[in-house]
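One chain, chain A, links the two complexes that follow: it is found with chain B in the first and with chain C in the second.
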Partner chain A sequence: METAAIAVQAMLGMSMGMLYWIVSSGLTFTFGVTRVLNFAHGAFYMFGAYFTLSIFELTQNYIVSLLTAAAIVALIGAVSERVLISRIYGLPVPFQLVLTFGLVLIFDDLVRIFWGTVPKMIPPQFVGSFNIFGRSLPIFALYFIITGIVIALVIYLLLSKTDWGMEIRALTTDRETAMSSGLNPSFLYVTSFMFGSFLAGLGGGLYLPISSASPAMGEHIIIYAFIVTVIGGLGSIKGAFISALIIGMVESLGAFFIPWMTIALPYIALAFVLILRPEGIFGEK
Partner chain B sequence: MAGMARREFLKYVAALGAGLLIGGGIGYALRKPEVQIIKEEKPTEVGEKLKEKIKIGHIAIFSGPLSTYGELQRRGSLLAAEEINKAGGIMGSKVEIVYRDSAGKPDEAVKQVRSLVEREGCDFIIGIDSSGVVLAVAEVMPEVNKLLFVTHAATHRLTEESIYKKGIKEVFRITVPVYQDGTLAAFIAAQLPATRWACVHPDYEYGYSSWELFQKTLSKLRPDVEFVAEAWARVGTTDFTPLISSIMEKKPNGVHTVEWGVDLFTFVRQARESGLFNAVKYGGGYAWINPMGYSIDAMETLATEYPEGCWVSGRYVWMYPDTELNRKFVKAHIERWGHYPAYSGEASYTAVYLIKKIIEITKSLDIDEHIKTLENAAVYSPAGVRFIRKEDHQAVYEVPYGQIKHDPKYPIPVLTNLKTLPAQEYYRHPPFEEMPPYKDLYEKVLQKV
Partner chain C sequence: MRSNIVLLVIVALSLFIPFTGNDYLIYLSTKIWILVLYAIAFNIVFGYSGLLSFGHALFFSASAYTLAILVVKTGNPLAVGFVAGVAVAAVFSAGVGFLSLRHKEIHFAMITLAFSMMFWGIVMKWRDVTGGEDGIVGIPRVMPVIWFYYFTFAVVLICAYLIYRFVKSDIGLVLEGIRENETRVRFSGHSTLKYRLYAMIVSGTFTGVSGGLWAMLDRTVTPSISHWSFSAMPVIATLIGGPQNFIGPAVGTVIYVIAQDVITRYTLYWQFILGMVVVAVVLFFRGGVMGVVEKMIRGR
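Right, the complex of A and B next:
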């Protein structure tokens, strides 16, 4: 009885962790390459949800809307990088904070102007649930787990099997040698920013059918993305994957065993990691 | 009998026509209500203007994930100001409303209060969305020496502690407190067959106080019920399913949830997929009590996705009471904004008219005069007659619960099977030591519901 319940909680925790993973993968990826901690990542996630919503209203096709929206967000990411963020590479961290936080405010207000303040929904896309150990597991939980794993595989293949991935790895491993051997960092910066924004947009679009699109929705997820990124080690993709799963599981099992403490658990996990291993699980010293 | 006197009083007030009326010395609480003086509304002579402009500072959440709530309030206060200015203003002075964003943060709201009073020269402050913010703002009102009319925040600690115990006289709450969400919810729950209740609440003051009032009241009304599981969700929860599955593990057949805003949308959608509604189904609907479910943003967004037969309320629902003033307000609101009025919109609308009325009655901007006039007054408003209790400055009036019904004649779901109690039977009373139901009312209350 108890074991089955715990197994179901763990599966739900995995599914919850996968959303954190999808959003934080983009954040940590961009950071690894550009060394800019992008606060506006949450705003890209919000754009992903809103574009998916609007395109869905036109096309009534969820998958098409999801991918088109993420592509549009990638373009917004590219423009932001070229026009604004590229100007602050190498400058002290406060510049990054002020600039990317400024973007958050602008993007949030754009959403309010174009879509209004009342949250919006599309019809649920993954209706129903499985019966597993006598308990119901919503289909959307499974869809998150599968999508999360697919995204992890795609990132792995891109980084290990393509020239672009090799250059990215070279740049993140030894910046100076890589640049002196003729890599074009601008191209890598803009493309990695696009890719990171694409993942944020995808996260927002994936999240839309299980909830809604609302102004500043990125504020909630970005805190978790930061926790995940810091626990995993800033810039570490593998770390983000593992720590997103840990956070999802901790929250889900916490809700089962110690419900009154649920919201404190991710922060407790973060504190533990910072005390024992300040650079994060897979971080570099 | 108290009920009779009150009904007669209501008729009397209603007969006086539209607009806000203030009467002094209305009995309240468990005492027999005694109507003493009702001032008939007379056209105010326009003498010397008190000020070129009467300025009202309106503080609400206008940014971040909860910015809808600022917008819903703004619709109410702006509509009132436009109506008043069109009709000649307040004793000839125009009303101007200055909107400020609290961002839902106590220190930010306090800063805005000072700036509105000191720099903008505002004569009154209205608004304030959340419990934590209102407790902080109440503390500075004596210092800035202006009146605050709270139009949203619901914590009972404001009226019971800050106003009643600490004696802050500059604050009035004209909207419904958590007694609606906790206590009246328990009276509704007591009528349902469910015996195993669970909760899913937002993890902050409002969630905790609602659940506490709910449990205490319901266990008195129905000693046979058990409270089997609790889930506490952070504001901005993206995935409620682990919370839902952990409460379902305890096999509840009733759910009390004070989730609201975006979190409510996420929760309802995910509860459908997780089978939580099926678990609480009974012959007459769902043993699902969601005090804020009839908030206009929820009804517009969730619409038919919110299952028919769930028990929901708001701090005002547009179809109650069925009075001329309320119908007129709803119509004006829809014409002006294209939306049904939200509870905080109705409260903001009433706050502005109330300010107009107290200035006209006292013919001054002296806040001691205003406080004297407001204490123990009865205010005729779209939401019904609000009795402003002297001890805690709480407007006492009842709001019903009802079951969601999807009626194609309306753009949003409507409520059927409306149920409520006279407000004095479910509001806590000074000195706030006992919980409802009050012993002497116990029998009567159960017969009435």
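Right, the complex of A and C next:
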């Protein structure tokens, strides 16, 4: 009985880990290409949830709302990149961080202006559960896991099979050589920013049905995304995948065995990695 | 030289603020002094060592909460709470520094942010000790508001002077050397990690002093002082004022607090305006106010 409960808890952890993966993969992707760490990535996640909510109110179709919302967030990402982020590529890191933090302040208040401060919900989606080892596992957990795996496959195929992916890889491996052989970095910057923002928006929309949309929801996820990327190794997509799953599992199994420690667990994992392997699991030294 | 005289005049004038008899003005000015110390202490790590900490609220609130818990929950005298709070801030800054200082720039910012948000999470959840969202109320009043203003004024000036001595000392010079060219300082035989840890501890300790003063002023502590927006405040204030100048953070803090006080009277969306200012500062005025002032003094 005990083992079954643990297995279900592990599945739940894996599903949350997949959510962290979806958001962190976007953050890692844009960071790898532009070398700017985007604090506003959490705000894009929040936008994803709010746009899904508003479009759902119009269409009553969750999947359509989710994808449209993520596409809108991708556009917001592209505009932010062109108008602001593209102006700070050469600046010292603190200025880059602070500028994207300024965006967080602006976006958070925009959400308060347009949607109010009260958390908003949509009717639950993917209700029900199925039995596994004699326990019930909510269906949304399965959706998270499937979506996470699909996104991992899409990223893999994009990077390995398309010209765009090849150029991105060239740019992230050896910037100077890539640029001197005639790559157009502006195009890659804006498209990768769109892609990363799309993933953030998708994460927010996916999380909406099992929670609610609220103005500060982005900050929780961005901290998790930071922990995931530091543990996985900054800029490593593979690392983000592995460490997101680790964090999801640690959190969920921790809640089962040592509930009073739950909030501290991801940070303890972070501290461990920092001491044992400062560059992260897949980070380059 | 001329700017020093202006500075002295402003500091001297602020001695007269209590004579206005306006309680709110005295309260606000005390708060400004406390936050000035917070920003100057923060800038040891940022302006002088070139590391952007996004987690200084951790040291600020650890000190404030230690004071509140010791005084309100266990009935210790305020002085004990204050000293213990500063000590806790020092220990935390050593710990976070040890974990984060091998990393630079982006990593450093992310790690300091993560640990400070862990503290925020604990403060929110550990209701028995921290009071959760309600915080801790009922820290006794030390002295009349006017005297507390002068007390804060004196403490902040003394601390600012000590910090000034620190950043102008040999250690401060090495720190600036590391900021400009780490490899070269390493080759000259200095352990860059050790010096950065010094900077972190001094910065965290003085941040702890400001946190203790804050708890005594408000006589309440709430989780908002642990939140990352509270870590962002000295960052933004320092950028507005100018990080490469010792009093830049102080100037920025005065502008920040007064602007916040005025703007929030007219609109709920202070963050929106703040965000716009931040973006504008990064894009157009990277030297901050003191950068502009220095240019004017040099006659350009």
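In the analysis below, the second predicted complex is superposed on the first by the 285 of 285 C-alpha atoms of A that agree within 3 Å, B and C clash if a C-alpha of one lies under 4 Å from a C-alpha of the other, contacts with A are read in each partner's own complex, and residues count from 1 in each chain.
The working rule: a residue touches a chain if its C-beta (ideal position, glycine included) is under 8 Å from a C-beta of that chain, and two chains touch if they have at least 3 such contacts.
What you see is a predicted model; the values in this text were computed from it and never measured.
Visitor: On chain A, do chain B and chain C fit together or clash when superposed?
Guide: clash
Visitor: Which partner does A:112 contact after superposing on A: first (chain B), second (chain C), both, neither?
Guide: A:112: touches chain B and chain C.
Visitor: Of the two partner chains, chain B (first) and chain C (second), which one does A:139 touch, if any: first, second, both, or neither?
Guide: First partner only, chain B.
Visitor: Should A:219 be classified as contacting the first partner (chain B), the second (chain C), both, or neither?
Guide: A:219 sits against chain B and chain C alike.
Visitor: Given the touch rule stated above, what does A:255 touch, chain B (first), chain C (second), both, or neither?
Guide: first
Visitor: Which of the two partners, first being chain B and second being chain C, lies in contact with A:84: first, second, both, or neither?
Guide: second
Visitor: Tell me which partner A:8 touches in the superposition: chain B (first), chain C (second), both or neither.
Guide: In the superposition, A:8 contacts chain B only.
Visitor: When the two structures are overlaid on chain A, which partner does A:167 contact: first (chain B), second (chain C), both, or neither?
Guide: A:167 sits against neither chain B nor chain C.
Visitor: Counting only touches as set out at the top, which of chain B and chain C does A:263 meet: first, second, both, neither?
Guide: A:263 sits against chain B and chain C alike.
Visitor: I need the one stretch of chain C that runs into chain B once the two models are overlaid. Options are 93-101, 201-209 or 219-227.
Guide: Clashes with chain B appear only in stretch 219-227.
Visitor: So chain A touches chain B in one structure and chain C in the other; where do those two contact lists coincide?
Guide: The answer is residues 108, 112, 219, 263 of chain A.
Visitor: Okay, in this complex, where on chain B does chain A touch?
Guide: My answer: residues 63-65, 67-68, 70-71, 203, 229-239, 241-243, 245-246, 248-249, 261-262, 265-266, 269-270, 272-275, 297, 300-302, 305.
Visitor: Touching residues of chain A toward chain B in the complex: what are they?
Guide: So the residues of chain A in touch with chain B come to 5, 8-9, 12-13, 15-16, 19, 108, 112, 117-121, 124, 126-129, 135-136, 138-141, 207, 210-212, 214-217, 219-221, 224, 251-253, 255-256, 259-260, 262-263.
Visitor: In the complex of these two chains, what residues of chain A are touching chain C?
Guide: 37, 84, 87-88, 91, 93-95, 97-99, 101-110, 112-113, 219, 223, 226-227, 229-230, 234, 263-264, 267, 270-271, 274-275, 278
Visitor: Could you list, by residue number, the parts of chain C that touch chain A in their complex?
Guide: Chain C reaches chain A through residues 46, 52, 54, 99-100, 102-103, 105-107, 109-111, 113-115, 117-118, 121-122, 125, 228, 232, 235-236, 239, 268-269, 271-272, 274-279, 282-283, 286.
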